[in-house]
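So that you can tell them apart, the chains are marked A, B, C and D in the order they are listed, and the count of residues begins at 1 in each.
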Amino acid sequence: MIRVQEQDFDLGDELRGMSDGNHGIGGLCSFVGLVRDMAGDANIGAMTLEHYPGMTERALEEIEAEAHDRWPLEATLIIHRYGRLEPGDQIVLVAAASAHREASFEACHYLIDFLKTRAPFWKLEDTPDGPKWVDARASDDAAVARWGKVDNTQ
Amino acid sequence: MIRVQEQDFDLGDELRGMSDGNHGIGGLCSFVGLVRDMAGDANIGAMTLEHYPGMTERALEEIEAEAHDRWPLEATLIIHRYGRLEPGDQIVLVAAASAHREASFEACHYLIDFLKTRAPFWKLEDTPDGPKWVDARASDDAAVARWGKVDNTQ
Amino acid sequence: MLKLLYFAWVRERTGTASEELELPDNVSTVADLITVLRAKGDGYADAFESDDLVRVAVNQNHVGFDHKVQAGDEVAFFPPVTGG
Amino acid sequence: MLKLLYFAWVRERTGTASEELELPDNVSTVADLITVLRAKGDGYADAFESDDLVRVAVNQNHVGFDHKVQAGDEVAFFPPVTGG
């Protein structure tokens, strides 16, 4: 399941919702991204996340479907927020549940790696020098390349 | 932090407790192990987890300390239950929070891999043929070997 | 007609979030379209200053600059994504 | 004196979870201790039937069978662990 929303989410409720009643799940791996108050050398007060409505949902659904093609998964969840976020706020949740622990770890890692390079979100950070668009990181491209699939449009 | 307990835990509360107020955390990776109703070819009704009080805490603290030596972590948490557990019940939670997503993923994965081969827990499963001690899996040893550290006592 | 969308600093430079454009005769690829857009004014020239910095999606799929465009397409320009 | 602990099916076979044992003169390693324990009865012989299946911790640390034992040690025998 994927969700793109402005409001916060309750991590416990979301993860419980994935596994409740499914006794075929042996492992549930999740990753939550949070707003740090320090990015690079700049102190971050807050940030605003812009996105591309429509394409965002489409991109996340594709990434989720690819994970299900690669691993035997019982459930997956991607939630990504947009709008204004403060340090400590949750930005994103990805989670994968499987009978087996390795599959849940790998799929969860895959979800966030591809989300980082394919989902159309852009961060505008408040810095002491004014608002600043965050630059994409080469390390994110490297993270995706590791999965043995080259996305040559990014 | 490590905890060994008979009672269940609330995943949301535990993870929130790790990150609340620490704005240096950019990523929080967690893994929850659950009782499946199918292990191997046998239908599992329930299981009983026996452990070695004292050594369990010691082993988990060591594994946690090793993770902190390897990665720049803001917080880690290991909770392992013992006693009788039913299908769908939570058995174990490991989580790692870091400024960076890769560190949180790798450390979380490391925690569960080493816990699986070093923490003194034993599962007794109820099967249609009566209670049966679960055999250790070669794949768990392989998972540990991947981290480039050979534990030749296991 | 093309539907054009701009995001993040590309939007700030073009000064608009979306617009419609009659597909010009000499435009068959995204690269052709960028050439046309650059000529629309300083803000556009600035937005498309460097091909390396701009990404494009046609009908909500990431594509390369050699991708064909045709009437009815939704074409979006934006910086490399930075979500997650 | 040694404190001996048994877990899981090792405990079921020895028939006891813990016991104390005066350190025998001929015992200097875990392997020596296992030889002594095997002679304690059928359940013990059964528990230590195969060296490959039993693991040992001395003073709550995983060790090999060549590890020294000395008076005052807590020595635990158990199957390979299966938690998590």
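The rule is simple: a contact is a pair of C-beta atoms (placed from the backbone, for glycine too) under 8 Å apart; a residue touches a chain by one contact, two chains touch by 3 or more.
Since the structure is predicted, the reported quantities are computational estimates derived from the model, not experimental observations.
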Give me the set of chains touching subunit B intersected with the set touching subunit D. none
Between subunit A and subunit D, what distance separates the C-alpha centroids? Give it in angstrom. 49
Give, as an integer number of Å, the spacing between the C-alpha centres of subunit B and subunit A. 23
Report, in whole Å, the distance between the mean C-alpha point of subunit C and the mean C-alpha point of subunit D. 73
Residue numbers in subunit D touching 2 or more other chains? 84
Find every residue in subunit B that makes contact with two or more other chains and list them. 33, 101, 112
Chain pairs in touch? A-B, A-C, B-D
In the complex with subunit A, residue positions of subunit B that touch it: 10-13, 15-16, 19-38, 87-88, 99, 101-102, 104-105, 108-109, 112, 139, 143
In their shared complex, subunit A is touched by residues of subunit C numbered 5, 7-9, 55, 57, 60-64, 76, 78-84
Flag every residue of subunit B that touches subunit D in the complex, lowest number first. 33, 49-52, 54-55, 58-59, 80, 91-92, 112, 115-124, 133-137, 151-154
